[in-house]
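Structure first, commentary second.
Just so it is clear, A, B and C label the chains in written order, and each chain counts residues from 1 on its own.
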């Protein structure tokens, strides 16, 4: 029983970092552009499918394959920003609805290209490691490490570099930032593109662990939003923490309670958090 | 005694915005509360109006406790506030803005029988009495010539007047004005003083919060000075303004400006 | 007067004999009920509720299950459906509005409850038959003077039945919105803080708007179930909520009738143009995006402002 608990917890942590990278994108986008980009899940899907194609079909080595995948996801993100999100800055409802329209388009395109047949990518790294009495696949550890690293690097970059401080200043007081010479349009577009690149990266890693379906985006954005709310919208480390908490809650919850309701645990948790601690666990109310 | 504030305290995390403030307002008077920025004036008004709940202390309106009750209940009880930054229904005309503010008035007149208003051929709001009230209030606030214009097209001074008009439409017994003179030019301030005196003459008790000391001195019967969340002086405006602690609190500021 | 707008609909079946087209109209009428009622809480009160499809679907299930388990008529079965909808609306609304959830968070929490409801229905196989759905074999009956009790079966009967329901919905919404209640909704939408200080109990009116919207959606859901003869958990899916939102946005959210136009376009077009499922989804996404960016007032709203400008 203990083994099951440990195993599920570890699973939950790893899935949680995937939630976390999406949550990071959600938090960044909301802080700088004032909207929630519900289509982030679709960019994750794009990253996943392009990686699969390049690795499985085109035969490129995995570390080579992920870069074009991220680039494609980011490129689509740039297009979406210029054509759509540029016109919905700080308009939460419009941004939400526009991103939902985008989801329909991207998901339909994916269905046309790849159909609903799940795609399973070949092994990138095989073998497992014993951890806490449980056997954990090496690839899962790599995924965890990479995602956590990227989130921490993002956090470090934002707190130490000039662009990071500009972004923070902008999220606190857009007018003042503008007056101080921060090129706000460039900043906002950069953040949108970066968050889609993050999602694409997450998708590339997702592809090594799970099978791909065009509908995966919808599931992950919901989790990403839940994790972002849990951790507190506005907190970068909170996205990772929120993601892990959500992942573990779902995984462990499925042991003791019907697993069909797996998705519900996260929802209930989030509702409870929103009611009692609207700023999330780490967040500052925006 | 219409309103009594007893040992009112408000803390925001580590910051104490208001510390054991006690004051009272009698019916028919104009009370001016002033103090530099950060003295707790707006916090005090928000506590009375129900937008904030106190950390400690009581607020008594006609001897019943109202602290912590919701803003709409306090408005229904007769205490209405205006906003420092004018809050309006921007998409609507001035007339419609004031018409929405007739909610409480209609509730008092018609109560539950308003359900009949749902019948297509009955609409209480068009009844002569309410329409007259709207016109009266609009005229009182010197807004009749712009009555049908959109609220978004008003000047700052007119916006503030509209805020007062809407508050008046609620038939308040006590009107709390949050910095009504800030941002207004000299002429507009004179007009504001006329309007406030007209209001008091028609039976409304006023509590005006501002940091423009000369404006307060002209209009208030009684003045209360706040500094850093505490009352430092109280009495006739002329005397309060010469009070040593008040001079000290303001002189510092005057020197900084000079 | 506006009542004249309905006349073409009344005579339409006499002119068009095609069952196919009349069927599209029936679906449009029923979904228009869902859209018009959604506009109460969204367009007029300014709250983005993601619970609408859940109200639609839950009522569909309750009405259908009541008729089949207890062998009562459609009308009797409507009572528990509407009663249950009112109850959960009051509970969920109280939770959301009591905690002063604004905009985005309100959408998320209503979405959470909607998904929870869908998961319950999806997994409660013994009662709802899960993902396989349920057949609804009963049909409502109406007493018509002169002809006695008639079963609403067949396109002709359903056309007038659903049209009557739509007219009823529009009448209810118009009456409510034209009263002081509608003014309170507008006040909440435009400036909720100000509304509070003017004595409007925003909690009560938001709750009223939410409950009324969901109740009318419940009627739509029940009609939909009995017309199509089949219900499934997808009635409560997010996609269903999004469809309804799109209808309102496309038709125009500042009028009572606007969403009806949106319902007709989004229900009719996919049937008129023979498209694959994917192409339809792309079109739907494009419509949503273009409406937001180019026609923010929707079709009817834009027309209305042209008329005013002219």
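Criterion: a contact is a pair of C-beta atoms (placed from the backbone, for glycine too) under 8 Å apart; a residue touches a chain by one contact, two chains touch by 3 or more.
This one's a predicted model, so the numbers in the text were calculated from it and none came from an experiment.
Trainee: Among line, ring, star, complete and other, which one matches the pattern of chain touches?
Mentor: line
Trainee: Using the mean of all protein Cα atoms as the middle point, what chain has its own Cα mean nearest that point?
Mentor: C
Trainee: Which chain lies the greatest distance away from subunit A when centres are computed from Cα atoms alone?
Mentor: B
Trainee: For subunit B and subunit C, what's the span in angstrom between their mean Cα positions?
Mentor: Centre separation, subunit B to subunit C: 42 Å.
Trainee: What whole-number Å value describes the gap between the mean CA coordinates of subunit A and subunit C?
Mentor: 33
Trainee: Whole-Å distance, subunit A centre to subunit B centre, using C-alpha means?
Mentor: Taking the average C-alpha coordinate of subunit A and of subunit B, the gap between them is 48 Å.
Trainee: Residues of subunit C touching subunit A in their complex?
Mentor: Touching subunit A from subunit C are residues 48, 95, 99, 101, 103-105, 107-109, 112-113, 115-116, 119, 122-123, 238, 242, 245, 249, 277-279, 281-282, 284-289, 292-293, 296.
Trainee: Note which residues of subunit B are touching subunit C in the complex, please.
Mentor: Against subunit C, subunit B makes touches at 49, 51, 70-73, 75-76, 80-81, 83, 87-92, 99-101, 103-104, 106-107, 114, 117-120, 123-125, 166-167, 169-170.
Trainee: Per the contact definition, I'd like the list of subunit A residues that touch subunit C in the complex.
Mentor: On the subunit A side, the touching residues are 36, 84, 87-88, 92-94, 96-98, 100-105, 107-109, 111-112, 218, 222, 225, 229, 258, 260-261, 263-264, 267-268, 270-271, 274-275, 278.
Trainee: Which residues of subunit C touch subunit B in their complex?
Mentor: Residue list for subunit C touching subunit B: 174-176, 178-181, 183-184, 186-187, 190-191, 193-203.
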